[in-house]
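To start, I am sharing the structure in question, which I have written as structure tokens.
The first chain written gets the first letter, and so on, giving A, B, C and D; residue counts start at 1 in each chain.
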Amino acid sequence: MAAEFKVINPDYATAVRESFGRQGLMHTLGARIVTIEPGLCVIEMAYAPGVSQQYGYFHGGAIGAIADNAAGYAAYSLMPAGAEILTVEYKINLIRPAVPPTLRAEGRVLRAGKTLTVCRADVYHMKDGAPGGLEACALLQSTLMRLESSGS
Amino acid sequence: MAAEFKVINPDYATAVRESFGRQGLMHTLGARIVTIEPGLCVIEMAYAPGVSQQYGYFHGGAIGAIADNAAGYAAYSLMPAGAEILTVEYKINLIRPAVPPTLRAEGRVLRAGKTLTVCRADVYHMKDGAPGGLEACALLQSTLMRLESSGS
Amino acid sequence: MAAEFKVINPDYATAVRESFGRQGLMHTLGARIVTIEPGLCVIEMAYAPGVSQQYGYFHGGAIGAIADNAAGYAAYSLMPAGAEILTVEYKINLIRPAVPPTLRAEGRVLRAGKTLTVCRADVYHMKDGAPGGLEACALLQSTLMRLESSGS
Amino acid sequence: MAAEFKVINPDYATAVRESFGRQGLMHTLGARIVTIEPGLCVIEMAYAPGVSQQYGYFHGGAIGAIADNAAGYAAYSLMPAGAEILTVEYKINLIRPAVPPTLRAEGRVLRAGKTLTVCRADVYHMKDGAPGGLEACALLQSTLMRLESSGS
């Protein structure tokens, strides 16, 4: 299901980073974008007690937040300048306890429609001996909606 | 679909609050449990820049985190002492922009099985003129899994 | 979360039944609409070997089909004449084996937006001793999209 | 996220086909298994009026049924002889109208746990000019549960 996407906004990377920078929650979680390409966004988050659940792993809510965002900004990378984007819904399976020290969420566009975009995101933690040192710990599927800019 | 649930652990409220207290993410988000009853958990979160998205509303990831938790602790209230619980998956629709100043997530158990529990959570924001001053802004459905305690 | 919905198409019930009648799958499954009201649609389906899974219960795919449809026609009841509607996505939990002889799917609109509508559907089977003789066996949450009519 | 799965039941293909053969709904829909390998199941379904929705495409409920099944039998291929399997939940995005004449659902295991298995399925229709002649029209993510055999 490899796809080639058409970039409408040549400054998409800047638009993504500016929007991400305005998300207070991402600062709070210590999350950052490490890759942004057309239809792809990778976000990493380091472990800290402030993103933990009761057993010392990453909290599913924090995992969902970065996975939703990785998917959302993958979608946003394909939108025109000035577009606004909202998450309609997301669904996430937490398939393994997400262990410290680092999470990596890779969001990809699977269908970019005029109004709706559908994405998947895979979240990985570090594991010795896993292929590439990464093992999947969560799987997300989500729907994003493009709003026309409300203008300046 | 009202249900009456059997309480196995008479100290369920204490167990829920202790577990919640160990979740670093809930401290980070400023979330707190306001109600815990058999099969019901209500969590509130005040707005702060640290839980925002790029347009100044509550971030969908923060909404998902408290909704997942409200559902999870509703499920946990029905489990025996010492049980451990994990979120298998959750799905959330963000049906309106979640506006400051306060969010309220009400999680309810719909099916408490031996291994799996299925819940819904409705998330509300404050709105003048809405019934009870509350309007739904997100809807979650989730699956939780009970693990036997890994021991003392 | 009770809601009062504004009916735009006074002939919504006819529109729903005509659309339903054109769905070959509903004929195949032996499903029929038993109630259609603004924001509410109830579909029933009798058991037959042709809707079974490997253990003799109703098949989850058949359950999903009528639950998706109950939600979709609940949404359609609030749309203008000539509108077209598509299911964007649905998520269903199968919370108990769905036993013969009859299933009942109740779909309700929770949020009717301009473009997107969000619904839940609860599916029940018959059970002696359950409240009203019905017990929930599946829970759906879905997103529908309104398309403008492609014309006459 | 390529994975290599351990086969526990050397007769898994026979077990899958026998179980599939007992599903009345699959007969009703005209669906058949075209590939079964460890962690992978491919199901195809030909168009017929009996699987249509109101606009003449494949019905989302029929799409969900074969996608759920492709995922479920992918999971079942990794289970021991005599195991029973149930779908806990599935979520599906219908990303394009599913056009005749043929649908192909490819289900893959992403996480095979002791009790729960998590899968994705991609559903394709035929399209001239698409890579391999196939274009994705639906995306599923699901959770399956293994039950111990109730024994003979």
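Going forward, a residue touches a chain if its C-beta (ideal position, glycine included) is under 8 Å from a C-beta of that chain, and two chains touch if they have at least 3 such contacts.
Since the structure is predicted, the reported quantities are computational estimates derived from the model, not experimental observations.
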Applying the document's contact definition, name the chain pair with more C-beta pairs in contact, A-D or B-D. A-D
Among the chains, which one keeps its Cα centre farthest from the Cα centre of chain D? B
Centre-to-centre distance between chain B and chain A (centres being mean Cα positions), rounded to whole Å: 23
Centroid distance [mean C-alpha coordinates] between chain D and chain A, Å: 27
With chain centres taken as the means of their Cα atoms, state the distance from chain B to chain D in Å. 32
For chain B, what residues touch not just one other chain but two or more? 88-89, 91, 93, 118, 143
May I ask you to sort the chain touch graph into line, ring, star, complete or other? complete
Hey, which residues of chain D end up touching chain C in the complex? 19-20, 22-25, 27-29, 48-55, 59-62, 64-66, 68-69, 84, 86-94, 97
Interface residues, chain B side, partner chain C - complex: 1-2, 91, 93, 95-96, 110-111, 113, 118, 120, 122, 131, 136, 139, 141, 143
In the complex, chain D touches chain B at residues 88-89, 91, 115-116, 118, 143, 145
